[in-house]
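Next come two complexes, and both contain subunit A; in the first it sits with subunit B, in the second with subunit C.
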Partner chain A sequence: MKSTVASIGHARLDALLHIHGAHRRFATPEGGIVSALGGVDLEVRTNEFLTLLGPSGCGKTTLLRAIAGFEELDDGEILLGEQPLSGVPAYRRPFNTVFQSYALFPHLSVADNVGYGLDVGGTPRAERNARVAEALALVGLAGLERRKPKQLSGGQQQRVALARALVNRPRLLLLDEPLSALDRHLRQAMQVELKALQHRVGITFLVVTHDQEEALVMSDRIAVMQSGRLQQVGPPGEIYDRPANRFVAAFIGNSNLLVGTVTAHRGDSVDIETVSGLRMHAPGGRFAKGDRVEVMVRPEQLSLDPAAGDGPTIDGVVETVVFVGADRHVQIRTRTGDALTALQRHVAGAREPGLEPGAAVRVSYRPEGIHLMQGEPA
Partner chain B sequence: MRPARRPVRWRLVGLLAPATLLLAGLFLVPLGIMATYSFLSPGLYGGVEWEFYPFNYGRVLGAPLGDVEEFDPVYAAILLRSLRLATITAAVCLVVCYPAAFWVSRLPAPRKNLFLFLVTLPFFANLIIRVYAWMLILRPTGFLNTALDTLGLAAFAPDLMFTEAAVIIGLVYVLLPFMFLPLYAAVEKLDPALLQASADLGATPWRTFVRVVLPLTAPGILGGCVIVFIPAFGNFVVPALLGGAKVMLVGNTIEQQFLAARNWPFGAALAMLVLASILVFMLAVALRAGRANPSVRS
Partner chain C sequence: MKRTTADRVLSAWGAGFLLILYLPVALIFVYSFNSNVVNMMAWEGFTLDWYRSIFGLPTQLAKSENYVESTATLVAAVRNSVVVALFATVVSTAIGTATALALGRHRFALKPLYQALLVLPMIMPDIVLGIALLIFFVGVGVEPGLSTIVAGHCVFLSSYVFVVVSARLAGMTADLEEASADLGASPWVTFKRVTLPQLLPGIAGGALLAFIISMDDLVITYFIAGVDSTTLPLFIYGVLRRGIKPEINAIAMLLLAFSFVVAATGLWLRSRRQ
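So, the complex of A and B:
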């Protein structure tokens, strides 16, 4: 008994779902075997907005389907609190899914779609109608109760799918790329709306996306996946500022990635030299002299302003300047031959350093803006 | 909602004219002849006498009767039996084909196409030969009973020949593809994600079947039943070969009136009654379908 109590220690109490060593392999028609999930450990916390982020084919949908109960794991387990879910059919799991294709029932009206879960669950008519109306109001679709799904726009259908899931007040809401069918403007509006909605209803959201920007905007935590494995799980800021490895650094946001070796260790910081011979200074007390490291510098951490204080500097030559709305991406070739991208905020009327291609520039940075990751041994 | 009024499209009218004329010529004219003949008196050696003679219907319905014709309840019985066997046939076809349609729709594409080809394969052989084959199977010393015999199950060997069961077997065999194809088309269109959505919302498999699968495949069920029921009702080859004189259906009764009895007006009257029954049946189906799915628009 005692061990049980201990295992419900504080770390587990606020966790809704535990996934341990989840494996799922598929036999492909080509005769090979794909490992869609290659040992995933993940904890979904109560009331959090957790995003599963990764490139196409990395196993996000497979994991979501395993949680929903549409896919059996070959190995590993999923626990709801203390209860193992293996063998529990989808219709008995207290989760609801917003499908990527929405999967609205074409023969039912909007109201009957939303009321489906309540009807099946035997909710009394009056309560059912009240909750359907409430859910539709929540997603801003009041007044469209009698339409059929075909008579709605894509964005409206997406809201119906959301209302249909939310109305059942599930312990966990699973959303598989819920916004991918929407145009850019609607998608951005819905990202904010989804986050606000999650806050309002107080339901745990697990959202799948392959759009890193979307993940950064919405999430309390992001779980980054690649090839069936989790690479890093953490709040957006942490994932962005301190990616665990080269993959995460490259997948999320823009970054300059260099490979180097620690040449000197000085208390909390280290000196490094990239393979091309560029010397840099960075925090990284955990590395020892001689370690191979991956060096990440976000473009916005590199300043081209000549009056940018007294930090360390790198000399180089401007190669190209790419205008992307609010910013300019200035591509620089350093003396040592490394390519670096620096970000220059575009302010009308501001005096800008000469950024024509070919111009010599001095890039300055603050050591804290550099993030070191374990590199592969040479 | 009513779609907005559209201007008449003359090009469409032009394109539809040949088909319309062909249908009118090939269906309405013979139908008119049949309707006319059913109100004439039979000639002595076939053919018709051109006098108004409403009593053909009286033999089946009981009125009106002239001094020559007599009401014979056997014809009403034959009509009812035909109705009953056609209904059973449609029901058996449905029960057999519905699960099969699901099974085939989940097959990988090459095997799916093979199966669909197999379903239509019987159409390549003559109907009478195929029904004859069933005689060889079902007759007392046929393949079925020989097989049971060799298995030592002679005690269970049925004598199916010239029974309603034999007729139903034959009708089901002949009409199965007509049920399968529309059902398959409906099942194939059913998005599997909808079944998962239903389960996800807490519906047991049975609930999902009743609330999602059945309503969404209803058009296929309805279509299949209609196009099995109608030919089953009027079929004359199967009852003639497998039912014989014991299981007369309206189809072979009509055939006999035209060929053996040479009473064309009475045969025509029976045919008109079959037509009327089917029209009533179709009207009921159409009304039901319209009520079940009022939003269907073209």
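So, the complex of A and C:
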């Protein structure tokens, strides 16, 4: 059935799918034009767990549907290995999708849902049954073969959708917000499970999510998207520590974001002064004196411990202390008027001096904990 | 729970409505067992003779002009009706379903106009449709007969099937069909394995509706029936024109019983599927 495409050899082992300059525009009923994809370039590597992350309406589903074959591109192309996919209908593409709505067939039993792709493809009965059983065991649903989708919980339905896609051993598995319908606990368990599963079956996963925490937990690489464009593609650590721009920095994790100018350049590091007059020291050899920069400091990089060492410091006043379980978020107003949030690990019984609102504090940081990004020219 | 005045008023209203709806039918039911030959509205005694006479069985009745002229004509009329209804149902179900699928799953120019024209036969006065069909058949030179009745019925029955199937289709999202394609099924396989099974209750409902409407259509059939193609409603109408006779009550009861059986079978099939 899908052999036409599946048998095409792939020239470069590391890249399964290439997306070049993908454009997709929609005419809205209001008379406007929405650019759901505004020129996306992306490479999906063989056997990686790639997450497409971005806020609602940024075009994630549109990109996934274009790969699956449900949406035509206005411009640009998608290549499987070296073969262009334009004009190849969805049913001839060696990909399978786990739909956001699951889209299980209500008139078929769990086993027949899972076996659908094999039945349609003409797999012999014995092999089909064996693979269905194997797939159901893989997602922990053995014993529920004869149920109808309606007789399953949301989490179980999601596993059926997963098994139904996996059983066909696709080259690429597309998952559109597969965990969004689950409660927090189940979702967290499934994040780990999904990652382990991907490792076990050795299939390339492309997962859409708008949950940055989920993306950080599961992915080998994350592609951050905004308004139909990719902002940054890279491993979670890189995205978190060295975001490409202000949007990525703000979207992933918590961050303190300030705008400043480079005042001095010393080898690998620079001195900067924020708009409000706060002076800081940070690595950033690529910037020149006078450059506008965005300054990002993660809250956990700021220390309130008076005995923190001899690094650079910032003086300020505590504004509020927010208790969030394991941590405290301490909001500080610097002498220059900037707002900074510092993270303090909560240790039961430990003395935490001077953190009442109004108390003066000295914030220390290591210059390596500060990340500079290209700023808008003043 | 406390019964309020509103509850009582509503109960009375409901009871009154049901009475108006079913009293005439109940009267016919009672009359169909009345042995009074002269005045069927005056109860004389219980008899099954009216039913027996329909089937040509021996009865106690003396006056021969009370009988249905010939059981054979009645049987022929019933057979004509069933044949017409079966053919008209099959053809109109196919046309109506195909049209519903085309309009529900594809975009094309003038779709709203097309949609409006499709439901028009349902609201068009029967007389107008009947006359139009008659003129058409005469114009193209087709002898009136069972085939013209089947063709005429298909014209408006297709609309009914279209409406019923469309309603079902509107409740079905396209994502199941996408999921099927995603799993490697060609459009035809998707139609067979996903769309059709989902649509089946709607199609069955439309077909049953078409069958029942075809069985009791009088006005349109009146215009396009030939001499030898008398259907059951035409037969009853013909008998009535020669005066109301008690056999009519028995025939009406049998017709009603038949409709009930058809409708109940439909409901039963539906409940079994779910």
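Remarks
Methods note: the second predicted complex is superposed on the first by the 365 of 378 C-alpha atoms of A that agree within 3 Å, B and C clash if a C-alpha of one lies under 4 Å from a C-alpha of the other, contacts with A are read in each partner's own complex, and residues count from 1 in each chain.
Here, a residue touches a chain if its C-beta (ideal position, glycine included) is under 8 Å from a C-beta of that chain, and two chains touch if they have at least 3 such contacts.
Please read these numbers as outputs of a predicted model, since none were measured by experiment.
Partners subunit B and subunit C, once the complexes are superposed on subunit A, run into each other and clash. Using the contact criterion defined above for the overlaid structures, shared-chain residue A:S101 touches subunit B and also reaches subunit C. In the superposition on chain A, A:A90 makes contact with both subunit B and subunit C. By the touch criterion defined above, A:G202 reaches neither subunit B nor subunit C.
Look at A:G290: by the touch rule set out above, it reaches neither subunit B nor subunit C. By the touch criterion defined above, A:N168 reaches both subunit B and subunit C. Of the two partner chains placed by the overlay, only subunit B lies in contact with A:K148; subunit C stays clear of it. In the superposition on chain A, contact is made by A:G117 with both subunit B and subunit C.
Comparing the two interfaces of subunit A, the one with subunit B and the one with subunit C have residues 68-70, 89-92, 95-97, 99, 101, 103-107, 116-117, 120-121, 164-165, 168 in common. Contacts from subunit B toward subunit A in the complex involve residues 191, 193-194, 196-205, 207, 211-212, 215-216, 293, 295. If you check the complex, the residues on subunit A that touch subunit C are 1-2, 68-70, 89-92, 95-97, 99, 101, 103-107, 116-117, 120-121, 164-165, 168.
Here subunit C touches subunit A in the complex through residues 173, 175-176, 178-187, 189-190, 193-194, 197-198, going by the rule given at the top. Those residues of subunit A that touch subunit B in the complex are listed here as 68-70, 89-92, 95-97, 99, 101, 103-107, 116-117, 120-121, 148, 164-165, 168.
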